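In the two complexes that follow, subunit A is the common piece, with subunit B as its partner first and subunit C second.
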Partner chain A sequence: MSFQKKLLAFAAVSALSAATAVPAMALENEFHGMFKFMGYQTNALAGGDTKDILRKDAHSGFFAEQRARIMYIAKANDNLKLVTHFELDTRFGGISTGYKGTTGNDSGNLDADALTLETKNIYLDFNEPATGANFKVGMQPWADAYGSLFLLADMTGAIATKKVDAFTGQLGWFRFDDNTAANAITGPGQLTADLIVADGKFAINKDITVGATYYNIQNDTGLSSASTTAPTVSIPNYELLHMIGVNADINVGPANIKPFAAYQFGDQNSAKDISAYMMGAVGKVKAGPGAVNFSGFYLSGDKGGTNNNAFQIVTTGTTYFNPANMWLLIRPNQAINTSTSLTGNDMTVGGRGSIGVFAGYEGAMGKTFYNANAGYMRTAEARGNEKKSLGTEVNAQVGYKIFDNLSASAAVAYVFLGDALNGKGTDRITTYAQTADADNPYLVNLQLSYAF
Partner chain B sequence: MKRSLVAILFLAGTLLAAAAASASTIRAYIAEFTVSPADNGNLKTTLQRLLATRLAGDGVVTVDTPAEADVIVSGSYTTLGKMFSLDAIAKSAGGKQLSAAFEQGESMDVLIPAVGKISGKLKGDIVKQFPQGATALPEAAPKAPRADIVRPAASAELVKAPSSEIVRSEGAAGWTSQRLSGIYSGVATWGTKEFVTADDKGIHLYRPGSKLDLVTEVALPDRMKILALDAMGPEANGRVLVFVTIMDRENISSRIYALQNDTLKLVAEDIPYMFRTIAPYGGAKKLFAQQMGRSDDFYGDVYEASIVDKGVKLSNPIKMPRFANIFNFNLFRDQSGKSYLATFSDSGYLLVYAADTGEELWRSTDKFGGSETYFQRRDWENERTNMTPFRTRFLDQRITVTDKGEILVPQNSGFFVLGNLRSYSKYSVVNFAWNGSSLEEKWRTKQSQNYLADYSYNPATKELVLLEVAQKDTFGGKGGSVVRLLGIE
Partner chain C sequence: MRKMAMMLAASLFMLSSVPAFAQTATDQRDECLLASKNCMNQVDDIQQRIRKLNREIEKGTRVYTPQELKKLQDKLKETDDILRNLERPDS
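Moving on to the complex of A and B:
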């Protein structure tokens, strides 16, 4: 706690000194934005992001949705800016029961006019003049150095970054949960979950960068308290987690490879320890007019025993693996409101762990761009009679850049379900396969994307 | 009835009196002073105001615009060594010189008395020599009194504004090519009339004559994007080396072409360096190179580069201060020989750093530079922040240092939105001189209603080769570009 207090105090003093040390200049307004329209013909999705539909005789239908993002940056000078970022999500036709952060309908109903503005980020970004370090304080995005398999989320916190020649160091603290009731007489910060980040990157030369990280999660949200209501299930489902890892970014000839590996240890609870690991790589090789993409990961799973050997995350909704370039097996990086996968974005498959391998080819011809990909996923460990194979996906996309920042595209994706998801009895994982003998899921996606 | 008659007579009398008064008043306009070599302490307007207050009186009134003036007074303040000279000329609206006066002195203490002396002499001459009849109204006013009708004197319709009021158009002295189909992004020269240009298809050698003739061209694969174009030479055998900085699938994969006998021949390809030719300190043109890193878009120092056996040899590294990279920096010296580095900030301000310490010394109030040329790199980690899987990095304009040690920078403006969608619609080229503490604007070219994609300065002919985009890419259209050649001396 003392470290956190010091960090905050330092950040506050630094913010004040940065604000007063620079000469008065006119405020500059910077806008960024994005609009995406997505239309789906599919038997796997229904406009929501809990999980894919996996059942026998699954109905196919069409739905459409849109997302807009608006980013406004109030820039006092090159060393001080306030970043604000908002989002507006709507499914065509509307959903009135709360959707993507809204509490009422999502304005897609007849005559629109609903309140749908969501706040994504509000943070101060400044360079402290004395040390030259960069600070970001507030509600901000953060991503791990492991392909976002562990955590990618918008969180409230503070992070400091300092570059010294080829070394870049980062220290951060995020409070991603605080269940302490307002005005609780037990005092502040009793039921909290914090993430501490220490990250170092060193550029050995222009072609090789190596990095090492330490992440620490202290989860006290499940503690009992006389005057506050603690959640019955704390998120994440462990009390203490340490995660140490190494990563690299290497250029070799026509190839770029980013390998990574991490080990997790800590306490799930007073009786059970965590001992888990992960590894993976993302690569790209120039070939012909385009490039071959490949990627893969291994997340350890739990067979049961004294230790919990399953790779731990924070929540399934805050994990990604965008380099896979999948549409159904893993949530697509292009997804907007409907952003889910066969396992409901849970790449740990409920603690079973998983193995995924993916490859594809992408290229462009003038204003036309294209990609085609294939991927396979299975669980690392099987429970009971369950099978391991989750499925194999093939997909392809073709798009056209109407303007520099406006593109239209069409994609198709099809999954040959593995035994673990289309089994007839206890061999299937019932958390995801809602009926026996589930149909192979597919989708056709039409997209219009504008970003500036 | 009688009251009305009295009132009419009274009004007529008043108006006639006013007309008579105006007939005997000389309206003088004092133009802003020209000050050289530098306007310290806003002397231009101070001198203008001092002269205006001293000239007024004895039948002379001062007015705010040259259009309503009978007499136009223009003046200059010049310092040479320790001496100053204050000069003023009064001309009638028709251009006839009525009076000229000057005063000189050694210190600012005698400047105000000098203004008083000059104003006395000017006033005397103006009152004596001004042709009263030119604006005098006819004494008989059988119809409406003239004072009711604002009618400029015949001579006033031909008012010639003082030279300081006119922004001279250099366009008349320049040469403009025919419209070239497509959007060009880069241009490079090497001291002769020919130049190479780049667009999204490849590079093209042009020769200006009565129109711009395409001599030869080289097509590049679709996947390659040209970031920069530069040229060195010609060598003794007439060979010119053309350096094409290329982004190929997120990596730098540059090419060098040899231009000889109107033919472009590939000398080397897939070179992992970004290139730029610069004439630091306004001296000889040199080739520079910088690398792209895995995490840094501009990795490490900028090096002087030379081509040996198809390889690149690096020497004399220059450490780049914040914001500076190979594409947006240049070096200049002041009179004492101290070295400075000029660059653009990410926001577009012109910055001057001390070259030895890297300390920022000055930044402009207005924005300069500005380019629509960019490259994109995959950036998974920041996808949620950037809202695309790519990080977009815009390059900036060249900064040229002339052999006088002055700085030339373009100023693209008409920016309609920030973010990763840039669109400039007009530009000027601005000349600055370092006065020891700041960059002082000396002149600028007439604003053009096009976006300046790139430019090149030819020190031998003192000519700018300006590559303008006359029409942006539109749906179904290819856009259009124009090359202007403009002498700047």
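Moving on to the complex of A and C:
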């Protein structure tokens, strides 16, 4: 082959490879999102998330709200992507008192046009080729292995995951608070709160996986310091927390059961130690056209003494128990902007601890889906003359899939308040029951839900 | 030389045929513009993706190697996580 022919062949092959290589190098732009509209007729909520209304002669009324979430993922390849996630919340008619993370109006006002975009996640997710480990670095969601009774939140941090055969190990660090002022002359990282995570899961066989975790919180945000930015009350309300726990995921015939238990110890402050525990289980059994759901938990409470025996969390707003399928007793797993409960999402009931048991059935017939649930909650410990029973909820929901990804549904929920919330005197917990002899709370929820 | 000519012709054909995919023939209806159907650049929504992944995983080892099945299962978990994150009921 002459030199010209070789050159010609090289040019032809180059052109061919360039033409075929273009799609492989292209960035994949992945968009996902959701939109939910919710209308409530209720005597328990007013469009906000502090806590439910519990009063005698509580007024019933209607309000509506909407939420959109937009997720954009810039995927270079299967091993590298940037995940971004944003949220836009609005109550119909608008509200201008710093609603939902925005300052100023939430754009539900006349002629809209307000700033409402909230940033939820921005993180890099990549598989490191040399070690085969996955790394997530940045502002990302993280959930505990305990039904989110301890913590589920978007946080800034980094987490590494490595799988070796049947074992999956995870190591992570999150800085969820830093009150150090910008350019503080006291130096960086003086007033911080950090979470360290070590998580191991081992699949014994295809039906049984067991796990063990260690979480550690070091909270220095409330330290007295030369800086004037130190908050008077630190969040969380303890200095050092260790939490060790075990969990499992077991399939037995048509049933799936996830039991878990954890023990907490540490320092609330220099004079008081923490010694607390929790346990629970979530289960699902296929039955007929659907499934029976059941779940329950116990969070230890505090009677007062040298040790604080109350189960510790980070904030009430970052705890959940979605398997309960409640609407009022525990925040609903379908909630949007208004996401609260009888105890203001505080399942520790202000340190009293709690016991909750829940059961229900869910199923579908063609494009129609339905569920019905019942649940009971009480405090673990009573303080003073307070009673323990918080209430019993019954609820039901029926929905229809208008399209594959758009459903419309209606739900009703009613709570028979327990003595601790509808008492007439010092027997009630006044933090939640705003007046004596509070009415039983109820709600009717109408919903449109689109996810893509 | 003939080989060269064939290669050049093939590369030219491939290059020129790529843009043709994006257009419809003169006597064809543009279903993409008309009804958002058969769009060349359309992507799956999250439910479609979950359904497709489940369908492929069900084919099992008669179609995929164990490693490929593991990869599909990882992708299904990743997609489930995205949906769960989108629908998380935080306030």
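In the analysis below, the second predicted complex is superposed on the first by the 427 of 452 C-alpha atoms of A that agree within 3 Å, B and C clash if a C-alpha of one lies under 4 Å from a C-alpha of the other, contacts with A are read in each partner's own complex, and residues count from 1 in each chain.
Convention: a contact is a pair of C-beta atoms (placed from the backbone, for glycine too) under 8 Å apart; a residue touches a chain by one contact, two chains touch by 3 or more.
Keep in mind it's a predicted model, so treat the numbers as computed, not measured.
Of the two partner chains, subunit C is the only one touched by A:Ser339; subunit B is not. Once the two complexes are laid over each other on the shared chain, residue contacts for A:Ala114 go to neither subunit B nor subunit C.
Applying the stated contact rule after C-alpha superposition, one finds that A:Val357 touches neither subunit B nor subunit C. Applying the stated contact rule after C-alpha superposition, one finds that A:Val292 touches neither subunit B nor subunit C. In the superposed model, A:Leu82 makes contact with neither subunit B nor subunit C.
By the document's definition of touching, neither partner reaches A:Ala46: not subunit B, not subunit C. In the superposition on chain A, A:His32 makes contact with both subunit B and subunit C. Within the superposed three-chain model, A:Gly317 lies in touch with subunit C and out of touch with subunit B [touch as defined at top]. In the superposed model, A:Ala408 lies in contact with neither subunit B nor subunit C.
Comparing the two interfaces of subunit A, the one with subunit B and the one with subunit C have residues 30-34, 69, 71, 121, 141, 152, 154, 322, 333, 404-405, 451-452 in common. By the touch criterion stated above, subunit B contacts subunit A in their complex at residues 221-223, 248-251, 272, 291-296, 299-300, 323, 345-347, 378, 380-385, 387-389, 417-421, 473, 475.
Per the touch definition, subunit A reaches subunit C in the complex via residues 5, 8-9, 12-13, 15-16, 19-20, 30-34, 49, 69, 71, 85, 100, 121, 141, 152-154, 317-318, 320, 322, 331-340, 404-405, 451-452. Residues 1, 4, 7-8, 10-11, 14-15, 18, 43, 45-48, 82-83, 85-91 of subunit C are the ones touching subunit A in the complex. On the subunit A side of its complex with subunit B, the touching residues are 28-34, 69, 71, 75, 78, 121, 141, 143, 145, 147-148, 152, 154, 168, 201, 203, 206-209, 249-251, 256, 282, 284, 286, 289-291, 322-323, 333, 363-366, 402-405, 451-452.
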